[in-house]
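Residue numbering begins at 1 within each chain, and the chains themselves are lettered A, B and C in the order written.
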């Protein structure tokens, strides 16, 4: 019980810390790819600390305040419901569909706050974000459905457990491929960063946020990175479980491997980001509803065929 | 008390000829004389219905027994229709003063009384030749009433009259030929005797006589393709006359048709003809109404459609279908009379029959608009109104008799009907009115329409009262055909 | 304490109270408008209370009319299924009447409005309480008539919508009539209890035809594809204070009809005889598939709407698609999900249409792009609508999630790979259009002319708050509604859902949904976030127009270019535009105008030339005689 509470407290702190660290590293990587020097890897920590300690914060109204608060609430809640590298906080209750909907809270709260700011750029950003969501959800849902159909369960813990022999990535490679494409948009990386597109809509939803608001959003973002990647790992990479023996030491190894996997997934997204231009939002939509969807359908048909016959 | 149905025919006929004379007493006297006579008929027909429900009332003209004498036969059906005729007649009488133009009103009342008497005779007679005579009386009165129009509508009315007369005379000629043929093989014209002798007569002659009679009576019953006169006649006639056509003339004509086919021929071929041509009439009538822009013409086509429905229901020839058909007949008689009356009020105040002119009349003539709406809803078969009950019974009867296609066609036609009536009703209530002044309908006419509306609503929410009469009435027709 | 009401807890009492109330209300309006409104509220709320009190205990009433030609008796009954729907209907209707009283308009049409509303409520209760098909049909028709008349009260703009609604509804009702008479002529009874024992034994072909005939009628009310074309104009053009009932309560009669006939009367074993697909009947599968297709199509239309009522109308169609999907699937989870979603939809869509009414009343426009920034001016309206939108989007914390979750689980459980993705996509689309309402009406810039906007009177806000409260309650304790639904399921002979107050357990193959845990975690997370928020320095509030504009100073046309809500989803609309040009409506229109053309031809039969008429008569006679001659 006490251990669980400790984990409960430790996890969000750790995840936020690692998220910020990863982001710092990624900025460095991107810079290297683009032949720049880039900021130091601890730049994100400096930024967050600076933002939280700002002497003046600018707000608009109470709805505006909801945005960052809900962003954190949504991400924290979701995180607790998914298995994270062997740590199963509340994930016994974690139904994949519940998790997918909990994940939305953050975005919707964010959208509310952004809308309340009254800045048209924020409105455009939210519109793009929602449109993009509709775009990538199509292939993503179909590929996740393939997994659910294949294992005939919707429990995340069950899905993770069933992959102890072989990862779903290997059994259902097409679905995994599509889900990773969707992950690119979930991370908000190019070519799917239309919602924040700094050069077009001045960072979109977060255009009005500064100070502690922005700080909270950065924290939420770093948790979000782990949640999104974690979900992918749980579904396709066996929950990042390398060792199936009991024992705290193995569990720590598992957890470290899981963190490594998150890093790998994120790096992959960042590398793509570094060399890609940005789609227009309607191009992004058409892209997702075309090839990834077709591939996902093939994957689903395969999963269905294997599971039914 | 024994009611003599003879009085219901004799008295109006006699008074009708008295009316031209009575005008010397007072200019207004003819109106009240006619009204009194119809009232007399109304009371008598109520008593007659009461008696007929217990046992049929038979009366012999001049005391001669059949097969030599002329017989009047008032079963539940005939008595009910006599009541219907006098009800519609008295209500139209209340309604009509402001709707007939011209000076010679005594002539109008004479013809009106003649029409009532003739139609009552048609439904009460038990003799085929007598049926012909009364049909002729009714027809001649109808022609003259139709022509009774002065002013700007006169030309139109004349044209309609000529059309009606040509087809009407043709039809009576055919009717007469049919009767003659029948007489040549059976040697009697009494309906009861006929039905017993026909099975032994030459079937081919009988069949051909039936075709002639169907053709002859089908004209009055508005059966397709014999109903060419209908749209023009309804449109050209003055409003009370249109109402009377829908409520009395056509109903009596239809009764004659049904009577002949059921009681005399008891022929399944006849029923088949009714069924097939009924459904065609229904579809054609409703479809033709769909595109009308002339209010009265639309009602005329709707009337054709409704008659088609009634003919179809009778053509199925089961107890239930007859009850449904009779229910539809009553509903149509009252509701369509109501519609013609309220449409008349609209037309009188607007000066045009164009449906487009009705925009926003709900605000200008609210009472009349409500009455029109009630009539329309009842014809459409919406709940709370008589048409709803008749529709359910007819559909049930047709499914019960195994005519699923008929049921579907009836319901499709009903949807078409809904469309064109709702277009008008919505115009009345949902559009904004123009700024022209309108003349309100007179209180008398409103009262008579309200009575009709009340009847239609009672038919919709308390149908048992009507079923009590309609059951025996349908049974009476079916008896001859062996309950098939 | 309330025992004295016991004799009144009977269906005939409730219905006749409402019908009498309808008349009284109408005529009271001739005396005084306050009296009328009071009457309407008292009658409707009292009957709603009676329905609530009566519980799902079985009550049966017979009435055999004398001298009827068909020889039947009318049956009214309360059972688990009808009580569930009656509760939903009476709640929505009564509170909407309270709500409409809040606007305090006193026009001529208001007498008719309240009278018809009570009539409609009575007819809807009549439909669900009917224990035989004839009373079912009669109440069904009264319901259609009352709702049609209520729609026409909106005046000229509702003309086409009302007409289409009535035409399609009537066609649907006639289809029910055919199905009903088919059943009657086959089995000789119209009573549900009698039919339930014999229908199971009927041959599959007969079942298929009758169920399809009945289903067409129900599908019209449920706005299922391809019969939904009447719904967008009718829902959106109906009077603002009637639409909540129209969409919230009346549309539920379609799913009710399906549930009653598919499971209550025909029963699962007999349905299965018609052929099965992965364990569910083909008939159910087709309904479910149509439901999910409807959900997606209507969602795509909803996204493109700027008119708030049109948007909500399409959203209703889409959500009803979900309901039909669940009921069609017909497993324990599916039916539970469908019924629960029906309840949720009744609540949240009523709230949303109520809110839309308030917004339209406040801003004088139905266009979302004419609104903006009202969230802080009208906090109660905003919050209630926000909660309703959360429920619509299926965000956990509200009741809406539970039902959607059940529906997905039902589809995934049966491995329906066509239905499940469609349902998911429609749900994502629901985020889009529901956010459009929030963004355009409540967020963003407040136009100058709406500076004086404020929350409406308590009569309006109390029903909305009540519904929002229910949604939150269901979000914490889904066991309350699902418990009732489980009893409905066992009444229908479907395995009942395993629920406790806070959580739903579907079986080993599913993750659990423990609403209480979710809420606790969210609350904890909220505490953490709030702590973070308040530890940092308090923020200074600045004005709405004090925003980052890349150096530009907004002066003129502030409303116009600072509030981004015109053509909100333009990029998306551009993609879908070629596919969504009201194809189905065009098909119906083409059918309509095609028939008009035919009827124009038929009209020409009556040439007006008497020679033709004589010719017809002669030909008829000749043909008849020839036929007679040949025949004999």
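Heads up, the rule we're going with is that contacts are C-beta pairs under 8 Å (C-beta built on N, C-alpha and C of every residue); 3 or more make two chains touch, one makes a residue touch a chain.
All figures in this text were calculated on a predicted structure; none of them were measured in a lab.
**Q** What is the chain whose Cα centre is as far as it gets from that of chain B?
**A** A
**Q** Closest chain to the protein's overall Cα mean, using per-chain Cα means, please.
**A** Closest to the centre of all protein C-alpha atoms: chain C.
**Q** Looking only at C-beta pairs in contact, point me to the busier pair out of A-C and B-C.
**A** A-C
**Q** I'd like to verify one number: the distance from the centre of chain A to the centre of chain B, where each centre is the average of its C-alpha atoms, in whole angstrom.
**A** 78
**Q** What whole-Å value do you get for the distance between chain A and chain C if each is reduced to the mean of its CA atoms?
**A** Here chain A and chain C have centroids separated by 36 Å.
**Q** Mind checking the centre-to-centre distance between chain B and chain C? Centres are C-alpha means, answer in whole Å.
**A** 44
**Q** Residues of chain B touching chain C in their complex?
**A** 162-163, 166-167, 170-171, 174, 203-204, 207-208, 210-212, 214-215, 218-219, 225-226, 228-229, 231-232, 269, 273, 284, 287-288, 290-292, 301, 319-320, 323-324, 377, 382-384, 388, 392-393, 395-396, 399-400, 404, 407-408, 411, 414-416, 418-419, 422-423, 426, 429-432, 463-464, 467-468, 470-471
**Q** Inside the complex, what are the residues of chain C that reach chain B?
**A** 65-70, 134, 137-138, 141-142, 145, 152, 154-156, 158-159, 162-163, 166-167, 170-171, 174, 177-178, 181-182, 184-185, 595-596, 598-600, 602-603, 605-606, 608, 610, 612-614, 616-617, 619-621, 624-625, 628-629, 631-632
**Q** What does chain C use to touch chain A in their complex?
**A** Per the stated touch rule, the residues are 373, 375-376, 382, 386, 390, 393-397, 401, 404-405, 408-409, 412, 415, 417, 420-421, 424-425, 428-429, 431-432, 435, 438-439, 442-445, 509-514, 517-518, 521-522, 525-526, 528-530, 532-533, 536-542, 544-545, 547-550, 561-565, 568-569, 571-572, 574-575.
**Q** Flag every residue of chain A that touches chain C in the complex, lowest number first.
**A** Checking each residue of chain A against chain C gives 12, 52-63, 65, 68-70, 72-74, 76-77, 80-81, 90, 92-98, 101-102, 104-105, 108, 111-112, 115-121, 123-124, 126-128, 130-131, 133-134, 137-138, 141-142, 145, 148-149, 152-158, 202, 207-208, 211-213, 215-216, 219, 280-282, 285-286, 300-301, 304, 307-308.
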